[in-house]
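In what follows, chain A forms one complex with chain B and a second complex with chain C.
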Partner chain A sequence: MKNFDYVRPSTVSEAIAAATEPDAAYLAAGTNLLDLMKGGVVHPNRLVDVTRLPGLDRIEHLPDGGVRIGALVRNADLAHDPDFARSYPSIAEALLSGASAQLRNAATVGGNLLQRTRCSYFYDVASACNKREPGSGCDAHDGENRLHAVLGWSEACIATHPSDFCVPLVALDAVVEIEGRTGRREVALEAFHLPPGDTPERENVLEPGDLIVALRLPSEARSFSAHARYLKVRERTSYAFAVVSAAAALRIEGGAIWDARLALGGVATKPWRARAAEKILAGCNPDLATFRAAAETALADAKPSGNNQFKIALARRIVVRALTLAAAGTPRRIPALPASPFSSISGALHGA
Partner chain B sequence: MVPEISLTQSPSHSRHGSNIGQPLTRRDGILKVKGEARYAADNHPPGMLYAVLAVSHIARGRVSFLDVRAAKSHPGVVDVMTPANKPPLAEDPDAKTNPFMFRLDLLQNDLVRYANQPIAVVIAETLEAATEGAALLSPRYETQPPRVGLDSNESFVPPAVGVGNPSELRRGDVEAGLAAASRQIDATYETPTQYHNAMEPHAIVAAWDGDALSIDTPSQGLAMAQGRIAGLFGISPENIHIRSPFLGGGFGSKGLIAGPQILGIMAARLVGKPVKLVLRREQMYGPVGHRAPTRQRIRIGADNAGALTAIDHHAKTVSSSFDDFFEPAADASHTLYASPAIATSHEAIRVDTGTPLFMRAPGEATGSIALESAIDEAAWACGMDPLAFRIRNYAEVEPISGKPFSSKALRECYRQGAERFGWSQRPLTPRQLRDEAGLLVGWGMGTATFPALMFQAEARAVIRSDGSGVMETGAHDMGQGAWTAFAQIAADSLGLDLAQMEFKAGTSDLPDAGIAGGSAHTATAGTAIHNAGTAVIARLEELATNNERSPLFGAGNAGVIARNGRLFRRDDETRSESYADILGHAGLTQIEARGKSTADPASQSTYAMHAHGAVFAEVKVDPDLGQIRVTRLIGAFAAGRIINPRLVRSQIFGGMIWGMSFALHEQAVMDRRSGRTLNANLAEYHIPVNADVPPMEALMIDEHDPYVNALGIKGVGEIGITGSAGAVANAVWHATGIRVRRFPIRIEDVLTPDPH
Partner chain C sequence: MSFSISLTVNGVRRDVELEDPRVTLLDLLRERLYLTGTKKGCDRGQCGACTVLVDGRRINSCLALAVSHDGADVLTIEGVARGDLLHPVQAAFIAHDGLQCGFCTPGQIMSAIGLIQEAQAGDDPERIREGMSGNLCRCGAYAGITEAVLDAQKSLAEASQRRSA
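Up next is the complex of A and B:
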């Protein structure tokens, strides 16, 4: 492996200073970054290990009813936090449907947000990839692109964002707290990841040295806890990335939908909030016709980026299914097969 | 859900008081659990250096430049081995003097014939330095467009398929049979490229001492590896000592020593120090073999009563541009279903990949999923239950040869498997069953079969003056439990308890145990062990019965029985003598004998020899989302004598899961333009995970076979894949009414059309 510096700062400001150098990268659990380094996809000169920074591994319930999740909280710890899982069940379910138990035990909140695409041409350093090497072209275009994006893609890049976690987060208006050279700022998760446009190498709003310190969910997010699901179609029952996924959250009062949140995963270069569909749902009865209309709207702008037409129909269906399951009510416990369509089998709902 | 696991063990499999037939746990289990089992890459001889392969990014062309200077100037790099400075070899790596000899890429020139071909080896003081050195080589290429996929080159009829099987075989008039049929199936199935992906990558630690070579490397065939290395380096096989006590899986990819292992030996020679070379996962997608893709056209004719009139099975496959291995997929139709006319044929093209090789059930697995699907289609066309249809066309003699079977308890497999599964409740028409959540449910079945092969092996048995025994043969434990099963056979043959006996295996200085492949290892090496034990007991008997002071004196005609370290007079068990006393009286410190095994030509020419089984699968399908899950898998297998039912169950389960993987998951995705595999890692090369594996059962059906070998053993290593893959595919059809003929079955294949 290429030689690189390794530094382990003890304060956030030291970390920012160390990471502002060119070709520096923050190292959290490394489950994505180290793979990319071993494959020669990225080659930082300096790793700034943030895992020992104090105070970033806490889940804080805020006085206003919101929750603040430190950037270093492990995926598994967050999903298994009883308070958190009760208040934000679709987020817990999404987390538990990702990767494997071993990876979730290591992976951090910040790292999950910033994980790179699984586009195989991005990983294959001999292929042209605008994201890896701006201007080199996109070999996915005429290549194996069955699982690529159907929404929000550009000529320059048709990759998908692979995170499960981000899908319910973006639906529930999560906010990213960032600390950088110029101080602290906040960005809505929906605006955090950038559409690929002509600059797919620029995936988010972070500037050199910027450190994610926390994620925040507004108090409103928990008002959906009775009707919130995350559902994920994948090529095996566990340990696979989403082909398509959806997070649906409803507030149902008096038999009608008062408010709705909907987002899709595996369909676009960023976690995809379906705001127009949410508008359709609000005020309607939670029935199949409504859900179908919402799904139509959510995928209205979808177009295949290659050999992936099937993902559009599939995405519509998963929206309908996620809404149907959310309307039926959050299961008392997270299903043993989190986010799996097979979890709707009665009897399959038992403790995770 | 706790999987319901059962393995019915017929008492007639075990002999009272014997080790054979006992479900002993693996003798090496504790070592493995504690991390004390030493695999090849765990060795670090003093002064050892690390070698890392640089592999080609292109699939066809030549290397025009390597930045050797940059690599060499990286701190810690000791040397870079390229075609320019590689140590000389005594044999051309492109020579092929027998069909078991495969051409290797050993830096013989600058040509590139497949992606991931080794093009240089960097040797350094640390793994990290060697890895970076390999990256710094920044190769440049002259690239030619690669040939990728089943239609990318001109097709030809291979001279032979598998290892020396005829490429075409026919019996009866297939066209006439098809013309006479009242029902016909003509269907084309495709199977993908697959890689063995053993958990343990190919690894070697090699150390030279003059012309003597010491090696730690996983091998499924120690003697053949020794011979191959000896030829390449021009040294005598006795000068080569290979240790391979444990393999982290092989599945055929470690059957023959592979190019990268030889490169490790060459690197050690170049630098004059011990060298370790371990393949990275993605480097296993090229130089160590794979299962070739196939496209199989099957035509089946049947009459009004559901009797087959013809089977025509044609398979197209690929080999590399530079060597021959042709997946014998169509041969699957030789043995299973009675038909007055059968034709099997193969064609192939050459593509720019590494040479395909044996991969667990080579030909049988690919052929089985196509044949079992086609038989299912034929049953449906005849309006018959798939099991009834198979029984209607049950082969009483081997269809292609007309030979009787040495034994065949398949009917009993069908009966017991179907009963356990509840098959009789199956509706004939697809898309009839739903579970309480509304998911589609389907039931499918497949017939399993695998030839009962015998290779050649030798073993050495010793009885020591203290009455204890030693059995030696260079057998291979790939995780299947050879350490245990062979010790059981050895203990019985020596008339000793396991504790009174030492079993030695896994090194090349022991007698040749043959190859651990073809599901024949237990049969082959087990028979040699049995014969060695029997021979040494015969020598003891001779000593005792000729010794006037022995209680056994004169028992020659009556004969003796060996048990618990004593010989007993067969007609009077009150008269016995211990091994120790027999040797003591003879003034010997030990007595030894060798035993060999080989196929018996007489029974081979008279009988067809195969293991059989029947697999029943239940799947659930979410038709809106295309999600498929196997929810039950039950197999019933007849495989001759079962040495250790626990180990056999594991083998069969592993095979059945692999069959499910074949139907639903496994596939190497290749870029058509570059010829590179895009999912060369275990995150994206999907095999079933625990959540995919349903409750399983493996019923072992009693079967005595007096012809296969002295112990009546048929193999169990590969048969589990066959039948299972088809059973799952057929269950998907039964659930959905959609017949998918391209494997693995994908989400989009089973989606119900959009109402929108």
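Up next is the complex of A and C:
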């Protein structure tokens, strides 16, 4: 690991000033950053430790019915907050399906949004990667790419975004609160991560010095709590990134879908909101034909970026399954294996 | 640039001078405090061999910068027994053959102590397995580990009931 300068500011404004220096990076838990630094994938000159900044570790229930989650709230604390888990069950389920208990105890809300891709060519500094080194090319194109993107990818980059948490968040219209040199601003999570285009090194809208201070969910997000699921297909039973995932949230009244939210994970360089599919669902009966039509629409623009045609069919199926399970009702308790598409089949044995 | 930090490790205050901010909590424990019970497996947060409790919560010490944990309260495998009296989780790992080569065992035991304190899994073996999935055991002693965690959790609950009775 390359050496760096370490600073631990005590106020947000000091942090922003310290992080505006070239090649500075914010350090929260460091669960992704330190891993990348050990591999020589990133090599900041300065780490600005934000873990002691006051006031960023709170979950606040807002008067308008929304919730504001401080950027330093730990994943495990958010998932196990009883009121939060009851109001936003698909978000809690996504959190608990990610990483391991040790990592969830450390990793923060703000850091989760800034996770880097797990593309192995990004991690391998001997490989060409436009995201790690702009203009160097993309070895994933002709490499081992069965887990790469099927939506929104470009010639420059076919990596996927690894977050589980971001998938239900983007479905439920989360907003990112950012503090920067010119004050505070807000960006919808859907617009926070950028499509790769010709500049895959630019992954989000943050400018030098910008610090994520909180995440907000509008009051409407909790209106889906009775019918909300996150499902994730993994290559092993637990502690694995998504091959494909889906967050589905329905508001069902009088036997019909009044409103729907749908997003996919593991399919694109950003958490993928499926707005056209949501329109198909609204006003329809929550039945298999409707869910299949929504899944077709959600994947209508999908195309393989390599040896990953199977992910398109898999994504359609996981969308249908997520919608079916959401319609059946949010389980009273998060399943033993959170987000597993197999967990709800009675009699199924996991890891047995 | 050097950094003076102080931590409480297994109940004892330790002041450490770091010449360099790159030192992880794992390396500080092993190479500066000579507490080599905490193991370095992958050193990348994938295997769980380095699991310790920090302020009562289990984390991977390989992905924690020591300098960022100034003031923390750390519990390692060296701090769980009371003299010759094993911690109930240690005793249960022996009783249930929850190990073969033993390399992952300190991490497994610290993770199990953390899991039991989190009190989310109950007595459901599937929830125990899921809660322990951050600790790999390449000998494959998982069946014994699950039994050991369930058993230790039960004996700790009984001991706590006896104390409050």
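Going forward, the second predicted complex is superposed on the first by the 345 of 352 C-alpha atoms of A that agree within 3 Å, B and C clash if a C-alpha of one lies under 4 Å from a C-alpha of the other, contacts with A are read in each partner's own complex, and residues count from 1 in each chain.
Here is the rule we go by: a residue touches a chain if its C-beta (ideal position, glycine included) is under 8 Å from a C-beta of that chain, and two chains touch if they have at least 3 such contacts.
This is a predicted model, so every value here is computed, not measured.
Applying the stated contact rule after C-alpha superposition, one finds that A:H80 touches chain C and leaves chain B untouched.
Shared-chain residue A:I257: touches no atom of chain B or chain C.
Contacts of A:M1 after superposition: both chain B and chain C are touched. In the superposed model, A:I318 makes contact with chain B only, not with chain C. Look at A:D124: by the touch rule set out above, it reaches chain B but stays clear of chain C.
Looking at the shared chain after the overlay, A:D49 reaches chain C, while chain B stays out of its contact range.
When the two structures are aligned on the shared chain, A:I178 is found in touch with neither chain B nor chain C.
Once the two complexes are overlaid on the shared chain, A:F310 sits against chain B while remaining clear of chain C. Across the superposed pair, chain B and chain C both touch chain A at residues 1, 3, 237-239, 337. Within the complex formed with chain C, the chain A residues making contact are 1, 3-6, 8, 27, 29-31, 34-35, 38-39, 47, 49, 51, 76, 80, 99-103, 105-106, 237-239, 336-338, 350-351.
Within the complex formed with chain A, the chain B residues making contact are 57-58, 75, 128, 131-132, 135, 435-437, 439, 620, 622, 624-627, 629, 664-665, 669, 671-674, 676, 678-679, 683-684, 686, 688-692, 746-748, 751, 754, 756.
The part of chain C that touches chain A in the complex is made up of residues 1, 3, 20-22, 24, 43-45, 48, 51, 57-60, 63-65, 67-68, 111, 114-115, 118, 120, 124, 126-127, 129-135, 142. Residues of chain A that touch chain B in their complex: 1-3, 40, 118, 120-121, 124-127, 139, 142-144, 233, 235-240, 243, 296, 310, 313-314, 316-318, 320-321, 337, 340-342, 344-346.
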